[in-house]
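Worksheet for the structure shown next.
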Amino acid sequence: MITLLYFARYREVLGLDSEQLVFAKPCTVQDVIEQLKQRGEPWSSTLSDSKLMLAVNQTIASAEQELNDGDELAFFPPVTGG
Amino acid sequence: MITLLYFARYREVLGLDSEQLVFAKPCTVQDVIEQLKQRGEPWSSTLSDSKLMLAVNQTIASAEQELNDGDELAFFPPVTGG
Amino acid sequence: MSSLLEAYVQTEDFDIAQEYQYLRENNSECGAFVSFLGQVRDFNEGDSVSSLELEHYPGMTEAVLNKLLQEASDRWAISRAKIIHRVGALQASDKIVWVAVSSAHRADAFAACEFLIDALKTQAPFWKKECAEHGERWLDAKDSDQAKARQWMK
Amino acid sequence: MSSLLEAYVQTEDFDIAQEYQYLRENNSECGAFVSFLGQVRDFNEGDSVSSLELEHYPGMTEAVLNKLLQEASDRWAISRAKIIHRVGALQASDKIVWVAVSSAHRADAFAACEFLIDALKTQAPFWKKECAEHGERWLDAKDSDQAKARQWMK
């Protein structure tokens, strides 16, 4: 099981800020993205955003990163604070 | 007549913060310096300081600058404010 | 001497006089204090902004800010540094962010302070939603911010 | 829009909260405020400094500060800038100098603020005399200050 988090415009578009996802190892971030896209719209286009950013356990990650049980995977657009 | 001003360590060494000087035109800052050096020590060594800075009418000037009646000529060491 | 580094993410406003007191108290070996304050502008790209909603990623935000403070302390001779970033609903002219650095030398204080705000703008997970005349919209990240952040890369 | 530029040379202390209010009041088009505070350090080159005497050239000092403010305003997009420099007798931890700049953009505010203090340090006619354990002495100008000031030359 991993925890998925969605922030900012993704959270609004998907209508969801977090969820638990069952997954089978080995599994990369990209595998999770593909699985979520199969839900259709708005998932498919949102997770195809060329500016999509990822964090695994609160550290910026790439789509190739392998996931482990209990990991926290967050999706968010480029940051705009300050 | 011009007004001479001395600041910081020069003021202390010369024991003087300002004076009036009668001068004959044409006269440059360098001419005034030579005239003051003839007073002997501590004038001679103070005005030979390689770091001596000059201002004519409150604007940084060079020793070649010509002086006019009523000018204010200031001598001071490199600035250390801020 | 290790640096005193602090980061806060909060909904509450902060007091500048108090922040200067924090920087200066028992800190007479420091001659230089540089601070950056960011506030909500009343316009952005021509549209009148009436309020702002600031979202963040709790946990990751604090971790990123502390990492940036540590990096600043490693790269420059600073004595104290503090970041405060507000979240939640903010109005025009409200303070958003405070970055303050003390150092024995002003060049270090300036560099560390500017690095911190530039890096925060591209790395700390905050997102701004503007509520303007013509409705709400999430701000887009600026290319100019990315360019500024790249200048600090070693 | 012309900038609001002010320079003060004074014996009195100044209040940072009040200075921030000056910068921010009716200034909601500005998002960025950068300030530099210089205070009397309690050491300088290993000698414990108990107090400082700051001398200046009345008239020329104000003229130089105003010229530097104008130059900053010509070179960067700034909205307000203020310099306060104290003169007379100062103790360790007393404030000496304040340079504060507001701008719509932080890079301009940082650059203008750092330029102003760097240029002030080499061009404005102030002189410091330290009163330390081992007696009084006039400070020597630092080569590093000259080097910093040269970096701003166009």
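We just call them A, B, C and D in the order they show up, numbering each chain from 1.
One rule holds for everything that comes next: a contact is a pair of C-beta atoms (placed from the backbone, for glycine too) under 8 Å apart; a residue touches a chain by one contact, two chains touch by 3 or more.
Because the structure is predicted, anything quoted here is derived from the model rather than measured.
> By CA centroid distance, what chain is farthest from chain C?
B
> Compute the distance, rounded to whole Å, between the mean C-alpha positions of chain A and chain B.
73
> Please report how many Å separate the Cα centroid of chain A from that of chain D, as a whole number.
Measuring from centre to centre gives 49 Å for this pair.
> CA centre of chain B versus CA centre of chain D: separation in Å?
Each chain reduced to its C-alpha mean, chain B and chain D end up 27 Å apart.
> Among the residues of chain C, which ones contact at least 2 other chains?
Those would be 38, 117.
> For this structure, enumerate the chain pairs that meet the touch criterion.
Listed in label order, the chain pairs in contact are A-C, B-D, C-D.
> In their complex, what parts of chain A are in touch with chain C?
For this pair, the touching residues of chain A are 5, 7-9, 11-12, 51, 55, 58-60, 74, 76-82.
> Can you name the residues of chain D that touch chain C in the complex?
Listed in rising order, the residues of chain D that touch chain C are 15-17, 20, 24, 27-43, 92-93, 104, 106-107, 109-110, 113-114, 117, 148.
> In the complex formed with chain A, which residues of chain C make contact?
38, 54-57, 59-60, 63, 85, 96-97, 117, 120-129, 138-142
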